[in-house]
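The following block contains the structure, expressed as structure tokens.
Chains here go by letter, A, B, C, D and E, matching the order in which they are written, and residues are numbered from 1 within each.
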Amino acid sequence: AGPATGGTGTVPRSSDDGLTGTVTVFAAASLTDVFTTLGAQLERDNPQLTVQFNFAGSSALAAQLVQGAPADVFASANPQQMAVVTEAGLAAAEPAVFAGNVLEIAVPAGNPAGVTGLADFADPDLTLALCAADVPCGAAASAVFADAGITPRPDTEEEDVKAALTKVQLGEVDAALVYATDVRAAGADVEGIPFPQAEREVNEYPICALAAAPAPAGARAFVDLVTSDAGRSALVAAGFRAP
Amino acid sequence: MTLAAQVVVRRGPLTVDLAVRVADGEVLAVLGPNGAGKSTLLRVLAGLLPLDGGRVVVDGDTVWDDDRVHVPAHRRSLGMVFQDHLLFPHLSITDNVAFGLRTRGVRRPAARGTAQGWLERVGLAGLGDRRPGELSGGQAQRAALARALVGDPRLLLLDEPLSALDARTRLTVRAELRRHLADFAGSAVLVSHDPVDAMALADRVVVVEDGAVVQAGTPAEVARRPRTDYVARLVGLVLLPGTAAGTTVALDGGGAVSVGEPASGPVFAAIRPASVSLYLQRPAGSPRNVWPARLVAATPHGSEVRCDLAGEVPLTADVTATSFAELGLAPGADVWASVKAADVTVYTR
Amino acid sequence: MTLAAQVVVRRGPLTVDLAVRVADGEVLAVLGPNGAGKSTLLRVLAGLLPLDGGRVVVDGDTVWDDDRVHVPAHRRSLGMVFQDHLLFPHLSITDNVAFGLRTRGVRRPAARGTAQGWLERVGLAGLGDRRPGELSGGQAQRAALARALVGDPRLLLLDEPLSALDARTRLTVRAELRRHLADFAGSAVLVSHDPVDAMALADRVVVVEDGAVVQAGTPAEVARRPRTDYVARLVGLVLLPGTAAGTTVALDGGGAVSVGEPASGPVFAAIRPASVSLYLQRPAGSPRNVWPARLVAATPHGSEVRCDLAGEVPLTADVTATSFAELGLAPGADVWASVKAADVTVYTR
Amino acid sequence: MRAIRRRDGGVPLPLLVPAVLGTAFLVLPLVGLVVRAPWSGIAPQLARPEVGSALRLSLLSATAATAASLLLGVPIAWVLARSRIRGRSVLRALVTVPLVLPPVVGGVALFLVLGRQGILGRPLFEQLGVTIPFTTAAVVIAETFVAMPFLVISVEGALRAADARFEDAAATLGADRWTTFRRVTLPLVAPGVAAGAVLCWARALGEFGATITFAGNFPGTTQTMPLAVYLALQRDPEAAIVLSLVLLAVSLGTLLLLRDRWLGRSTAG
Amino acid sequence: MRAIRRRDGGVPLPLLVPAVLGTAFLVLPLVGLVVRAPWSGIAPQLARPEVGSALRLSLLSATAATAASLLLGVPIAWVLARSRIRGRSVLRALVTVPLVLPPVVGGVALFLVLGRQGILGRPLFEQLGVTIPFTTAAVVIAETFVAMPFLVISVEGALRAADARFEDAAATLGADRWTTFRRVTLPLVAPGVAAGAVLCWARALGEFGATITFAGNFPGTTQTMPLAVYLALQRDPEAAIVLSLVLLAVSLGTLLLLRDRWLGRSTAG
């Protein structure tokens, strides 16, 4: 069954065997790995249940939901896009924060430019990438720099973390300010340099079941799994902070 | 079908303003110099070029009238040979010829069969599978003719359909075309530069110059009594306009001609080049018309030489190659030209 | 320039295999039926079509040799009139004519000035600012001729340059062309279907049929002694191949002809249609050649009617329209045809 | 007159130099990708079932979008090039606009028309229970929306360059405008239509923004290769490069099937 | 024979119906955007200085990319359509590939060649101290890379459809292949080149993925309109729609200047 027909056509019902039907999860792209694992776990626990994901940017997902996309769960990479959904009256319950993410300095493997800390972002001779202030990681970066009293001199204001990270991986920028989970995912090409001010700007990931969910029971089960201890440990293993 | 058209079209500085009329079953030849408006007329009759004035009436129905009525080309029963053929480059010759049948609903095998018959008739048997780009100029023209004739359209519009054919093929294709036109219920308009085509094929001739009709009539009339210099040259006559009094015509260009039959008022005197004789000394014989002249150009054709003469009376003489050589003529030579009065035709202007 | 070419090109089932030779300053006319390979020859001489064999030598240098040497068209000094003109549609007529000068480095105003002079010479004065799409067929052909002649190329290749011209314009343009070719240092190859063009313009004639040369010579030789049926019809003769013994020729097709001059062995007997007389009863006069025949076709041209006859000896007769009418002839009529022995030319095959 | 060798390719220098530079400019980055690709890790990437289904979906939907564009776009091009309808230049500008629209915004615009709340989508849903977004149909629609203008503009160019007098000739042979279009005009401009279809297909195959917005990113239903590449980029950039190369290889293979003869009249001479 | 009115537009029904459907399909979403746009809030959006500079940069870089594509792409098209070089179909497939490459991957590929660590970029940086990424030049390069194939394919189609015998005629008049190209071939295929340039310009104007990857996003230097739209989408979707409409209006205005006569031969009759 396709996602749309699956969402609207088959009404899942509880049975003694567990959940049935299809639960559709709209999740921020940065959650791809963790959620795929958790979804597989839920399917293992409920053999009649199918979990399908729609991974995209949080803003695109919010726009889709506002346009009436048939989904059961929304997991956003930031509270702003969750707010878009709750303000539209689409949430079934108060969103729950299930993970957090902090900034880290990412440098190419071997740190060729010898970046040591946040202060280096004021160096005009370095090639530096930040996120644009309009996106969450950029907002967090602004706050961090304000906090530290540093005026950064970036060469580019990236639209999302991955774009910044790609440039680090290719060695095209000397340093970028990205999330810790991204540094973790990038593997050996990228080294992370944590810094103390980061902890004050934790980016929160909220999740909620949706009011129009075609499979409310499955939605609840997925949200419960993500916020459970098992979910939490999977997230932490991927580099997220516990809420 | 009968066709009556009054055609007004502006083409750059030239205004084409022609009235033509083709009776049922009639073949009308349109003659005229380059740029006279012949192709323009055919395009209007086909419904491909809008009129700036006038109208085209077919069988009593107006089919094209300035801005109000327009029956498009494909709704009339037409066959047209364009001056530059316009064979469809992406279709084989057979499919080109079969095209008109296919659009009229004939099934493909039948249409191709008929097309092949026509290709044979115009001498293209065996070339049906080629593309137009693989034909010689004359072969392409014959294919275009076959494409126009197939399906017996009610009005044939032929724009110089034989101009690229070699002399022998032209005879056979002309004969084929004449046979077709004789059997043919519809009407035809034929543009040609070759008076032989017009004489052989047409019931009536219209001569067009500078966008206007200058002469109309049967081929024989036009050939016998040309009314403009262009027509006269076309039919091989020298035309001298003048004013007659008895058997003498005072020419407009100066000089006088004695003629056989008495006439009066403004007339044309017409002379056949073959009836002009040339001498090195003034001849002292019976001919009453003797003029001094200078040979300006000599063009051999066949066993004769065409001599263009300048003098008080501009003339053209055809002399045999033998006598041309015997007289030792060459451009620039001074000669005497004479014509018998009986050989000069005279008719009113 | 001198040109010597041995041209072998395969064109579908036809293999064109021709040798031509043009001396310095000479004009060579190439005559032949449609599809004989005339345009193919010109394209090869221009360097536009690869050879399958043979070579083209200009002034002693090989310029095109199968697969080894190729001097491209633009490096030779050429002027070419294509059978379908190929005027550049995006340029004005003046710029079309000036194109060859511009590519040879002449500045724009000078080139346009020269071009305008040429347009005047071919009778297109005042049309220089038009696009080719705004010209009539004959006007376009003249523009193409001017474009080829401008800049005095060393080799002119003219593919039916006069076919679309009306009779009068053809005379003047032909005269202009003759004047140009006479003054002209280079050589020229002229393809034409009109024997008058060839006679008027060419120093030598080559007749091509089915991709091979069938006759070559001066225009007068070819006109007097045609060697194939195609050439004979072109110059207006009926050709009867046979075997002579004394003054009698036994025809290959059956029957015999009496001739004036004794000959022997394989010969051609050539008869002019004008020397054939027609009778309703068997004539009892001096002509020794009298045959019964049936009239199969009659085509009026000018003041005469061309009569095609079927019978033991296939003939064509030209009779005056008057006597045609007096005899009451019509296709299908049985007649007697007679020719004086003295009017039959005979020459060895 | 110097004799030069025949069949030398004969590309004049002022064309050869920019052609070589341009080709290098387009091809070198691909070479870079191929060189840098983690060839050792390629096998496991290709073995993943999503890759196969994403590839199949990409090819299917790009082909369907090209078919839809041909069906709707060629008539638009004909109207632009041949009809005497007023306001053709406005029409041309309007149908070109989706080219300029950022694809994500294009996706939003499609929602406004075909979404459940959309102008047409709402009655469709309420009367017939049909929803378009998040289905394979939505992928095709998004790709068609983005790619069709390429076809329209190329075909219009081809139609304008074609000699309209052949259409006159067809009319004298009894062909109405529709028959003329099918039997004469379309075959004459076939090379232009082929070029336009290639552009359209390639653009549809690479479509990302409008698709992820309007159709979502559901494996098996709406996840095309570019979406899979995007997800891989989140997770494992090297895998993303491998997936792109797979997409490239497939499209290269398809384009190579377009031999000269499919593209119509061949080289001079 | 029924007499019908002349100048009826004369679009046959089987063409009119799909043309109308197709136009509706392309135009309705734009109408949706216009209707839904928050017109009241438009003035403050437009007053922001970044909008002006992003718009200026977009137009400049798209025009520069089109110029570069014409310079490099037309010769490639000529080689594909006219030369007798071997491997032309491989060449064609290769230059078409950037169409299919997901633009982000295209940006990565450009880094691999022109980046600081790239094949050509590294010597350039180390010897001359020149870096290309994160400059306006990088924007133009990224747009050219993505948009040039559109030009190449359209122009090749136009060249194949053009009658090569005019080039023979030019050769007999002493024009070498380069002169023939400039004076005959190029003017003859001008409508095709114009169509290709429109496609190329529009694609460059809407370029997003390769630009953000290779050139980054810095207001005034590399932030083009699509980047501004994307950022606005993160913050305030309505503002994003307004910005897209600004982009649309500007490109519409530009395309409207392309009147029929610029596009060459006009309608039949």
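What we mean here is this: contacts are C-beta pairs under 8 Å (C-beta built on N, C-alpha and C of every residue); 3 or more make two chains touch, one makes a residue touch a chain.
Keep in mind the model is a prediction, meaning the values are calculated, not measured.
Chemist: Chains in contact with chain C and with chain D: which ones?
Modeler: B, E
Chemist: Please indicate which chain is farthest from chain B, where distance is taken between mean Cα coordinates of the chains.
Modeler: Centre of mass proxy via C-alpha means gives A as farthest from chain B.
Chemist: Max contacts between which two chains?
Modeler: Per chain pair, the contact count peaks at D-E.
Chemist: Averaging over Cα atoms per chain, report the distance between chain A and chain C in Å.
Modeler: Taking the average C-alpha coordinate of chain A and of chain C, the gap between them is 87 Å.
Chemist: I'd like the Å distance between the centres of chain B and chain D, where a centre is the mean of that chain's Cα atoms.
Modeler: 55
Chemist: What positions in chain E touch 2 or more of the other chains?
Modeler: 7, 10, 104, 108, 112, 168, 176-177, 188, 230, 233, 237, 269
Chemist: Got the chain A residues that touch at least 2 other chains?
Modeler: 63, 166
Chemist: Quick check: what residues of chain B touch more than one other chain, meaning two or more?
Modeler: Within chain B, the residues that touch at least two other chains are 48, 72, 75.
Chemist: Given the complex with chain D, which residues does chain B contribute to the contact?
Modeler: 43, 46-48, 72-75, 77-80, 82, 86, 88-91, 99-100, 102-104, 147-148, 151, 157
Chemist: Which bits of chain E are touching chain D when the two form their complex?
Modeler: Contacts found on chain E: 7, 9-19, 21-23, 25-30, 32-33, 35-36, 71-76, 78-79, 81-85, 88-106, 108-110, 112-113, 118-120, 144-145, 148-150, 152-154, 156-158, 160-162, 164, 167-168, 176-178, 181, 188-189, 191-192, 194-196, 198-199, 202-203, 205-206, 208-209, 225-226, 229-230, 233, 237, 240-241, 244, 247-248, 251-252, 255-256, 258-260, 263-269.
Chemist: Tell me, which parts of chain C touch chain B in their complex?
Modeler: Interface residues on chain C, with respect to chain B: 11-12, 32-36, 38-39, 83-84, 130, 134-139, 142, 159-160, 163-171, 174-175, 193, 195-196, 199-200, 219-220, 223-224, 229-230, 233-236, 272, 297, 299-303, 321.
Chemist: Can you tell me which positions in chain A touch chain D when the two form their complex?
Modeler: Going by the criterion above, the answer is residues 2-5, 8, 29-30, 32-33, 52-56, 60, 63-64, 67-70, 162, 166, 169, 185-187.
Chemist: Along chain E, where are the residues that touch chain A in the complex?
Modeler: Going through chain E, the ones touching chain A are 104, 108, 111-112, 115-117, 131, 133-134, 212-213, 215-219, 222-223, 227, 230-235, 237.
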